[in-house]
Amino acid sequence: MASTAMVDSRWIARGEARTSLPQFLLWLAPWAIMLALGIYAGGRCLYYGLNQTHLDNRFAFGLWIFLDLGVIALGAGAFFTGFLVYILKRAELRPILNSAVVLGFICYSGAVAVLMVDVGQPLRAWFTFWHPNTHSMLTEVSFCITCYLLVLCLEYIPILLRNRQLRKLPSFLVFEHQLHKVVPVLAGVGTLLSFFHQGSLGGLYGVLRGRPFAFREGFFIWPSTFFLFILSAIAAGPSFLMLVTALVEKITGRRLVPGEVLQRLGFISGVLLGVYVAAKSIDTLIWLNFTSPAVGFAPWQYYSYQPFGLPILLVEIVLFGLLPAFLLTYRRTAARRGWLLSAAALACAGVLLNRFVMTVQTLALPTLAFDEFLSYTPSWQEVASFGGVVAYGVIVYSLSYRYLPLYAPPKGENSHVSGN
Amino acid sequence: MFPGIDGFHWTISHVVFLSLFFIVALIILATVVSAVWRTARDFRMHRAVEFCWKSEFAELPEAERLCRHQLAGRVRSKSCGNAFECSKCSEYSQFAVLPPRGIVHDLGIGYCNDRFYHRGHTWVGREEDGTLSVGLDELAERMIGIPDSIEMPEKGSEIEVNGTVWRMKKNGNEIQVRAPIDGTIVGIGGPNEGWYLKIRPRLDANDPATLRHLLRGAEVHGWLSRELERLQVQLRPPNTAPSLADGGELMHGLMDAIPEADWDTVLADTFLEI
Amino acid sequence: MNARYGMVIDLDRCTGCGACMMACAAENNVPPIPQASTRTGVTPMLVRQVSNGMEGGARREVFIPILCMHCEHETPCVHVCPQQAVEVDQATGIVMQMPQRCLGCRYCMTACPYHARYFNWWDPAWPAGMEKSLNPGVAVRMRGVVEKCNMCHGRLHSAKEKAAAAGKREIDFADYVPACVEACPTAAIRFGNLADENDPAARETHSPDAFRLLARIGTEPKVYYKSKEAWVKELAESKSGRGPEVKHG
Amino acid sequence: MKVTRRDLLGWSAGAAAGLLFTPVPWKLLDDTSIWTQNWRWIPQPTRGPVEVKQSFCTLCPNGCGVRVRMAAGWPVGVAGVASDPISRGALCPLGFAAQQLNWHPQRVHTVRHRGNSTSWEEARVAFAKACGEGKIAIVDGQPGRAASVAMKTFVEKRDGSYRVALAPEAQALAPYGAWSGLGAIGLGYDLENAQTVVSFGAPLLDGWGAPGRFTRLWAERAAGMADPQLRLIQVEAPLSGTAVSRTAARAWQWVPIRAGSEGALAAGLARVLLDEHLVRARGPMPTMTAGEAADQTGLSGGAILDLARTMVARPPVVAIANDGNPAIAALNVVLGAVGTRGGIVRRSKLAESYASADAVIGASYGTARAVLIDSTVPWDFVPQTDAEVFRFAAWDGGAGQADWLLPAPGFLEELTDVPTAPASAIETYAVAPSLVNAPAEVQSAAQFLGSIDPAAIAVEKIIHQRCDDLFRGRAGTVYGKEATAVAKIASAKEFEEQLWKGAVWVGVPPRSGDLRCELKEWPASGSSGRSGNASNANWSSAWLAPVLPPLASKLCQESNLREAPVGRKA
């Protein structure tokens, strides 16, 4: 055991204090179990088919799609931070960049994994690139998610290669060094991709002419939800990043990034959230007064089914929108860590609620006058695979935190190596 | 046209979409390829080790990065920003004159004034036949004592300054020794010979660029004394006064003597590992 | 001249016997999955029972057969399918579902306002030996793909073959009758080429009693309904917003 | 040469890149797509020459014409025959999946004696022994077939009794049979000429008689019309809560009454009709007053009066019961709907002489030693007897307390003929050739009896005989591809050939006044056998399917349209 501990310590960056191996394993154990259960459940769905879920012909999308939209919205922190650091050259955010990349990687890979279980014939996923329907938002989604996941992998590799042992191999170290030089390009591409990905996820529902609750007018080929999703994602992304950082600091009991960084994040998040709430409110008003009545659906009727009453809309806009926007931007509250974090939490809750409403409420509401209002409770297989993704995230992040320089700014930049 | 599809027909939007898709994919691919290609090129042009060294140098603790002139007391405080490449250093000046021959014993460990010292605790000595001999300095030798195993490079293989030249094992710790100079190995020695390698330098032994980056004379004194201080701090048992050079003598086989110490860190600091 | 196949379903004539559902399922080799429920079964033709919500003698009930509406304009499912598993056949106006291209993402199902699309939640299976009673004209769909009414495309295909064998370019319309139309004991379902003004079905679509489900969404369904009862029409067009309760079996 | 890690990396990278330019990856992609399309565990339809054959569905007594698509000798699709004068191209929902029935898991394949499988020989010996030891009875579900004749003659030789399990449509006619002394068989409703039809819970639009008969009439003369030529008034209790039966839902008028109060309403109506002189006074005066009727039915007196007025507003009018309730029969007598056009009529007797039965089911079997039940008898029929029961059946409907369970031919597996449908106003006759070879282990009751009594006449012979008789009768018309009067047909052979090809012989229309019912006093309200929602529990009130085709049970599970029939296996 002692020797294993010794070996383990060799893999931890020198001078970084990390908890003892046993303690770390103890921390991982429950998550590992959760992950195993998730893999088992997912396996069942792949082997026996989707009859393992409680999805049905009317509730064709459920927990999983909500999960996808949710994590991808939260994962937006990755591309947005990259964008700020590399494109807008906001060096002060550099300390959390690595963490952001890892989070993005986790969210996207998790989402893709779940999607592969969610579709009935995963083996045909590539058809989309073979005979794509270019009018479909889903085509745009699969295109972006595939490419961007690739980008995230490439952004993750340098961080991985900085591990104390891996870097001992000269080729790795040099490759990492070279890769690092092209990362800005990747960040640019990634920004573009993720931008469109977030948007097309919004478009996914906005284009549903047959679902007046979700249908929105828009510009060119994109409904307004396209832009709302982007806004909400880049507003919530930084907040999520902030929460995770704070959480890690709490768990490890160490200050990882200077407080200003969090405040900076909070401010960006708050401003964007404000813009988003404004846009969302205008959009909602247009929809309630013009778009929906135009196809013969009285606005009130959507909210006449419990539990999806009008309150849910107000909560989304005021409690999870205006309030955090204010708390994050107002100097006095932003200065207080407690306020800052709870505001961030509200912001994240807001974007999750929005994704929930867009996916679940849309399907629950009847379209034909003689349809029922539907409810649906996920099966244990769905819940387990959901938990599996969460566990996967925690595990990957923990490992990255332990063995990789997540919060240490890579030296490559500040001491300029004259590569060539 | 495509396999597995009956009656697929092209539309302009397909062209747009697919070209967009593959362009992006190509960009991503291109970045990777270029990175790989550059890596390969670096190896080809013997720049790999230099890169590694530079990026590792950047992560050395401040104390390990002092300029030779400070070590020699010529300037008050100056840390090297040049990865110890004095030949490329603008502030390097010629007044580092060769000191008289002879072994100096004033730190409890000796060092030869006519030898040139690399900060990875190797020395370089001139031989009559124009080759250079490379060995571990006294501090390193006393620290390790007799290594459990040594893994020497092959005769005739090229070595690059700051690259790992040979590896030793001691009590389960691996020690990577950095090459002090560029050149070709012409002779293999060992702990018992008093030297480890004979090197034919890439340039002529008298070429200033060959040895310029190595420490000598007063610099060695200053450097070693600092190294000893570091050792004292690192090796002292918790809450005791620093004392391991009792009577100025550094005991032999430190690693055997004080097995409980954090040798992982000590060795890394000593041999400039990361 | 491109055809626009469509239907007019006279709800006043429908007695809800379910013959259309059975004939449809039999024609299209729909597997009888014991575990299937009202929400997980495959019923390309589904008869819904709707009441006017009144009680006693005033109560009226109507049976509404729901099948793919073969929307002509901005066909929701066609627009959303990521890999062209759904296409509007320009020659016939039939919205074709191609299971062999389907990934099973079910996006089209969320897009369809009529809930006329069905996912194969189970592997297709029949009691031992019963596969001998399957219709050779239609391929069995595998698990994990979406399907729906293709207007008995198998029958259209054989009609075309027959025409080709006879050296004709146009099919004899008598040879192409979807199973549900053929099965309806009261001839409530009329099938025809809506693009042809002389077609009786096409003429019926212009009758004042004719209407379409959710017409205002603007998808231009090619399946029309007919009823003299005002409440049925209002209900079908969702004018009343939230409709009366639906009868459960 | 020494291989370094770098070389390996380089090579693998090169290989990966190079592979993209070979057809290999694309071929693999292609293969996966093909593979996902035909997994070996996906059942494939039988390929083979497709031909269309014609016959008649003998699952219930209505005998609708069926057009059967056959692939490689197996039925793969069933559809109606438009030229069939009885069904007029319509079938009941079950008919469209009937091709599945012969593969049903519940199919009876072995002779079973008290649950243990045994052989036909055993059964034969046992039945012959029973015949020797005492009286026997045979119960027939579809009287008037050639097989019926075979069974009847067999019993009469051994002076046993030949019984008939009547379809509910015919049961409702029993009172007239009793009052006129003619027997229930041979009577029918002349719906084609009725203008007002008052149904007392009879599921007229939901499987009453041949689906193509009344439903078609209604669709053509009533559906969607504010003032229809055919007024359908449904007197029926709500099924459950506010739900109504299909017939009530689509009827011109629905009169919701208390369950089981049909008799009372009939009496009340008769009383009102006579009191108000809405009909020419005939028949007995019910003791029940309109007031009492109102109390029992839950209708207002006014409503009953209105109903009475509407009934007589558009004659001819006929009331139809869902069971043998004499009160409703008496109401028809009061309405003068017996033996008149558009009412209850007596069919011509050209083909019927064969079908008279000793008794309908229900009557006790006395000292019978053995009872043989034909496969045409509904599953829910269980004889109240301690005799040894020989039950022929193609499918095990689950009600099997019979001592002997004998596998009978399934759907389209045996040659039979199709006599007049119950409650039809006009005589019909058709021949239903078998389209599928019956499995070796099955035997029909007629074949079974034939194997016991060598002297018995084969079904083919009887059919041939009957065709001969009908031809010599020179009456009626044959509906094949086109209609031809029998008088115009050259030879008996040609006549028979036409019938074998699926043509239907249709007799002459009934003459008014052939049926008379003298009724002294109002009958005591009989037990109402089936309640109103029997129609809902079963696929068709006329025929209780022993099992449902799997697709039918699918319809129950996967839609809200029909409930799974009680006690019926799918």
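Which chain is which? They are A, B, C and D, in the order written, and residues in each are numbered from 1.
Just so it is clear, a residue touches a chain if its C-beta (ideal position, glycine included) is under 8 Å from a C-beta of that chain, and two chains touch if they have at least 3 such contacts.
Worth saying up front: this structure is predicted, and the values here are computed from it rather than measured.
J.: Could you tell me which two chains share the largest number of C-beta contact pairs?
T.: Among the chain pairs, C-D has the highest number of C-beta contacts.
J.: Taking the mean of all protein CA atoms as the centre, name the chain whose own CA mean is closest to it.
T.: Given all protein C-alpha atoms shown, the central chain works out to be C.
J.: Based on the averaged CA atom positions, which chain is farthest from chain C?
T.: Of all the other chains, the one whose centre lies farthest from chain C is B.
J.: Centroid of chain B to centroid of chain D, CA atoms only: how many Å?
T.: 98
J.: Please report how many Å separate the Cα centroid of chain A from that of chain C, as a whole number.
T.: Those two chain centres are 40 Å apart.
J.: Would you mind pulling out the distance in Å between where the CA atoms of chain A average out and where those of chain B do?
T.: Inter-chain centre distance comes to 43 Å.
J.: When the C-alpha atoms of chain C and chain D are each averaged to a single point, how far apart are the two points in Å?
T.: 29
J.: Two-or-more-chain contact residues of chain D, please, as numbers and ranges.
T.: In chain D, residues 6, 29, 33, 36 touch at least two other chains, as defined above.
J.: Would you mind listing the residues of chain B that make contact with two or more other chains?
T.: Residues 4-5, 8, 36, 43 of chain B each touch two or more of the other chains.
J.: In chain A, which residues are in touch with two or more of the other chains?
T.: If we look for residues of chain A contacting two or more partner chains, we find 121, 124, 127, 130-132, 135, 139, 171.
J.: What residues on chain C touch chain D, complex-wise?
T.: Residue positions touching the partner: 10, 12-19, 21-23, 25-27, 29-30, 32-34, 36-38, 40-43, 46-49, 51, 55-57, 59-63, 100, 123-140, 142, 182-183, 185-188, 209, 226-228, 246-249.
J.: Which of the residues in chain A end up touching chain C in this complex?
T.: Result: residues 49-51, 55-61, 118-121, 124-125, 127-128, 130-133, 135-139, 141-142, 204, 207-212, 294-298, 301, 304, 362-363, 366-372 of chain A touch chain C.
J.: Help me check something: in the complex, which residues belonging to chain D touch chain A?
T.: 5-6, 9, 29, 32-33, 35-36
J.: Considering only the defined contacts, which chain B positions touch chain A in the complex?
T.: On the chain B side, the touching residues are 2, 4-5, 8, 11, 13-14, 16-18, 21, 24-25, 27-28, 31-32, 34-36, 38-39, 42-43, 48-49, 51-52, 54-55, 57-59, 61, 81, 163, 172, 264-265, 268, 274.
J.: Of all residues in chain A, which touch chain D in the complex?
T.: Within the complex, chain A contacts chain D at residues 121, 123-124, 126-127, 130, 171.
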